[in-house]
Amino acid sequence: MEKIKVGILGATGMVGQRFIQLLENHPWFEISALAASERSAGKSYTEAIAGRWKLDTSIPARIEGLGVKKCIPDLDCRLVFSALDANIAGTVEEEFARAGYVVSSNSRNHRMDEDVPLLIPEINDDHLKIVDEQKKRRQYKGFIVTNPNCSTIGMVLALAPLHKEFIINKIMVTTLQALSGSGYPGVASMDIMDNVLPFIGSEEMKMETEPQKILGRFENNKIVMADITISASCNRVPVTDGHLESISIELEKKPSRQDVIDVLKEFNPLEEFDLPSSPSRPIVVREEDDRPQPRYDRNEGNGMACVVGRVRECPILDYKFSVLSHNTIRGAAGAAILNAEYMKVKGLLK
Amino acid sequence: MEKIKVGILGATGMVGQRFIQLLENHPWFEISALAASERSAGKSYTEAIAGRWKLDTSIPARIEGLGVKKCIPDLDCRLVFSALDANIAGTVEEEFARAGYVVSSNSRNHRMDEDVPLLIPEINDDHLKIVDEQKKRRQYKGFIVTNPNCSTIGMVLALAPLHKEFIINKIMVTTLQALSGSGYPGVASMDIMDNVLPFIGSEEMKMETEPQKILGRFENNKIVMADITISASCNRVPVTDGHLESISIELEKKPSRQDVIDVLKEFNPLEEFDLPSSPSRPIVVREEDDRPQPRYDRNEGNGMACVVGRVRECPILDYKFSVLSHNTIRGAAGAAILNAEYMKVKGLLK
Amino acid sequence: MEKIKVGILGATGMVGQRFIQLLENHPWFEISALAASERSAGKSYTEAIAGRWKLDTSIPARIEGLGVKKCIPDLDCRLVFSALDANIAGTVEEEFARAGYVVSSNSRNHRMDEDVPLLIPEINDDHLKIVDEQKKRRQYKGFIVTNPNCSTIGMVLALAPLHKEFIINKIMVTTLQALSGSGYPGVASMDIMDNVLPFIGSEEMKMETEPQKILGRFENNKIVMADITISASCNRVPVTDGHLESISIELEKKPSRQDVIDVLKEFNPLEEFDLPSSPSRPIVVREEDDRPQPRYDRNEGNGMACVVGRVRECPILDYKFSVLSHNTIRGAAGAAILNAEYMKVKGLLK
Amino acid sequence: MEKIKVGILGATGMVGQRFIQLLENHPWFEISALAASERSAGKSYTEAIAGRWKLDTSIPARIEGLGVKKCIPDLDCRLVFSALDANIAGTVEEEFARAGYVVSSNSRNHRMDEDVPLLIPEINDDHLKIVDEQKKRRQYKGFIVTNPNCSTIGMVLALAPLHKEFIINKIMVTTLQALSGSGYPGVASMDIMDNVLPFIGSEEMKMETEPQKILGRFENNKIVMADITISASCNRVPVTDGHLESISIELEKKPSRQDVIDVLKEFNPLEEFDLPSSPSRPIVVREEDDRPQPRYDRNEGNGMACVVGRVRECPILDYKFSVLSHNTIRGAAGAAILNAEYMKVKGLLK
């Protein structure tokens, strides 16, 4: 099988680097184009990255000498992964979609657009149908699909089977988020050594709105928002990778603790497709008191699973637990790649 | 004025060390006796501590050579501060109280005894009346007074004025707790470097029960528990000192955000007494988005104030905010000393 | 090819865990026996480990239920890897060797015995000849082979080609060592958060003596110590894995900087054997100013390479540079496995 | 006594903040002027700092509303402390000196000028005589005095008495430097979490040259450089404050270990002056194996002492030891203030 050529928009940032790392040796996709800011354009990737490669594997040999282009839609590929900064992602992604590219975006700009799927394929694959509407309305030859924010995605992945089975009415969540989520250079070391930050700009708003769309129903050619009351408090902690979240939920139906655990463990809607980035189980339930922990659990399922632990009753709502997921894999680049893989098996990349 | 002689039980542990540090140059109290385990008894304090002094000021010169005694009630002092391990604190404190000592304890053993005050003098000074009952029932010549757990105390200090003014029905709290709270050696570095622990043994239970007593009413010679539903989720983070807590509350009356802030700012019930360890304001409200932070705010009021920030509406309960307090000062040794200072001005140390 | 059965002595400690992790899917070796302390014996491995598995991959499924035995020489295997504590390793390893087992040990007890190889196969494979002497003298049916201390091994690996080519007279080394080197629970978090420890017990002595043996010549059936003056200063830093060392050396011959770099880059004496744990190059030279760094470089060559950077002239000795190696892979379990692989191709495991 | 009015150039940076903190309640000096970049000029200090106050005490009340001026020599004060960035410090300090101000600078620009003292008053107070030459040559009404780089100053303070007594020929030093030394935002958290950086730009050059001047003799109206061979290797570690250095020295005379310790302990040349910022002893010698440590020892002498430990023989040079000093107090703002205090008692501020 010939591999599908893909491009990466914003290839030099931290999420861009993850795309490159995760796509090395990908069985279906092959990077044929890298694009970044004007400053980087015209340089080889190694020159453009200028020592700012921040992963513990090396730049793949094939990528080192690849020339970086501008973010304009004349890249030699059919699909682009977007890791662009929010200040430019909006229009650049539109230009690519208009020109016929499929855009799998990790940027926040179009996430809440009513004709753009905010996709987690385990959860709301039917939302993909909205792309027909998108193409029609916007007169795009291609289309845009987005994945949720890094702190939203782990939470919703864990909550989706519970919502489906028992209907969630309320979610109270407090996060302990990793540093890589803020890019590079991101958080200054003097701000986080021996410290915790009780605030992450606009993160709580994202966590309180994105799940409504992801868990919404697709009806009459529209995504109808779910009606869940969500309260989020976001903290930054001195951890490199892995967002940990203390979550409490109120459910419409009242399952037993074992029911909750069983539903989490059995959730595996993508099993049949055998997607390259799909973990053997999207939700791993740990029964020990003291798990999940970022350093030990973030790489579960190659960083694509979320790990749930400490499932117990909540005196105020119904159940509470801790959820961990890798914020730059399942929470960013890996999510966009999984979305593309799913679109591929669904025939959307033709 | 002659200083009151005080002893320290469990003088070699981390809380014991804080007692020694905070009592150096205390205007009212003077350490006249140190007591610790059999292993330490008979040695000078410096010998007993054996390099395990874990504070950034030196052992006070006067203390270095002081002999460490056994924890039996023949110490030359009237008041003892207890920093004993829970496995022995119960009986040792009883023996001291029986023998006529006033015991100001940081240990958890007697906190929930119905005839023992769980005292925060800004909040429930009337609970001190229960000591008459305690002496009578138990035939003690002295008595025991306790302070709350380190994660409870900062939270309840911030909540007390709101409870008094608006009546709290529900508290949802997620903690990000410092390492010093687990003593020494406590948490292994391999467990917390680049990591977070989602579990602290029995901490959630303490946070869900102690506030009921602290905020309870003293009626008919009894402490009547408050009736607040509390849900706590406790995490350990890589921070040396300072517990940060994300808290959400439901109130019976519905104040405005500004009302909440004003009530917090105006709270200062001990002002008139001018106690040596009392901060100029027990609650400091910060208006910046990104405060409180452990490294910058834990020493507010010499570690005796709690700092509240990010007061905002909660979509599920009524208001949410972040609270920080120093866990080994206001949350342990400083709390027990403040309790003793308050008892002194109330004539209870005679 | 049938796999060789191997056992692990001290299987529950941190180095024991690394052995298990690294031997999963090993093409030549298969774990058939686990042994540990009396306390663990009789339990399944999962029971024995009791939540203290401290690696970011899971316990291999095949190992979970494997029964843990006592450390006595009736294990079903030919080769044992020893990760035993120094307080028992001495006699236990002797008993196994006497009974006919090949012992590949990471423990320090027999490292400096004159009839025991202190082996780094890239450097002193001829020292293996001493095992004949060892068997004869001690009347062993098997024999003991050791690998160096974690801080020694990275340094000597980088220095060996320079010693061979230019003869090293003096080595001045200051280490910045990772936490995993001290086992579990090891360093208390309160001792290392926002801190550095300027002392590691007996580490400097090991670094000043072990290289003399490793770099010694095998002559007349004896290992003749090298005559290098070494001065080591050892520090512990808040890093999980990866020892970084600032090294300066005086050379007998006076090569150019480029000569030094070339000799380091070209070193690859095991290339012909294609050993499973051997990295494609044992020494990786980085030319950037700011490498090697523990988090980014410790996994070079699957943790079996050492990374050298900042090669420059030293105003006092001749050249100085930074060396990094993974302390629990190349510096412990991986080293012992590589030694065993080398012995296998040399026919010593028959 | 009326206080001397002082200004701070570069008042909003991390060193500028330390000046403000350390000068609050200073018995001799009073801040009357704050100056910073164009961007800050015209604002109140609190507005200019815009949430970037990075110390654990609050901005002094008197300073909060003080207006920030441009860095031009019309400030209402006689003495200015300079915490300017190196890219502008050169000319700005010259303009102030020309206009008649005494400039006590922490910036590196004029440190190595032959007519500018690189002052540590305990060591080379006679170098102050060069200011006459400076004023004459440059036609300044005021003059410039500098203090050394943060990593140099602790080392030289510890070495000066040994040089005086035994003559140092060689210094080999490896540093483990704190984060605050690189300003704000400085080192990105993603670069230093679970990591160490083996490189600090131009730091090694400073450490290899500045001591030559500090320890030089003042002869025939000139500072004659010392003739010491120095080799420095500089590392950045995840510690907030406090530079730790592993140092080895060769001495011309060969003292015993006890002689070395005695000379360090007895060093106290400023004792007679009773300067406000002078510690009771500039060098504190610790005899424990595992000291000094940054978190516990950086505040020794209010951050103005250096702490020496692990004094022992070096197999290559003569003696080796560890030295710690607070890099933003003794290594920056505190050093410049001590220099000013010394100049005051010497009549140079008239």
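Here are a few things to note about the model shown:
Lettered A, B, C and D in written order, each chain numbered from 1.
The rule we apply is simple: contacts are C-beta pairs under 8 Å (C-beta built on N, C-alpha and C of every residue); 3 or more make two chains touch, one makes a residue touch a chain.
Note that this is a predicted model, so its numbers are computed, not measured.
Shared contacts of chain C and chain D, meaning chains that touch the two of them, come down to A, B.
Seen from the C-alpha centroid of chain C, the farthest chain centroid is that of B. The interface with the greater count of contacting C-beta pairs, when A-B is set against A-C, is A-B. Our note on geometry: chain A versus chain D, Cα centroid distance of 48 Å, whole angstroms. If you average the CA atoms of chain A and of chain C, the two centres end up 40 Å from each other. Averaged Cα coordinates give chain A a centre that lies 42 Å from the centre of chain B. Multi-chain contact residues of chain A, defined as those touching 2 or more other chains: 54, 193-194, 238-240, 290, 295-296. Chain A makes touch with chain D in their complex at residues 14, 54, 179-180, 184-194, 238-240. Interface of chain D with chain C (complex): residues 170, 172, 174, 176, 193-199, 201, 208, 229-231, 233, 235, 237-240, 244, 246, 248, 289-296, 309-310, 314-317, 320, 322.
Residues of chain A that touch chain C in their complex: 51, 54-57, 193-194, 240, 288, 290, 295-299.
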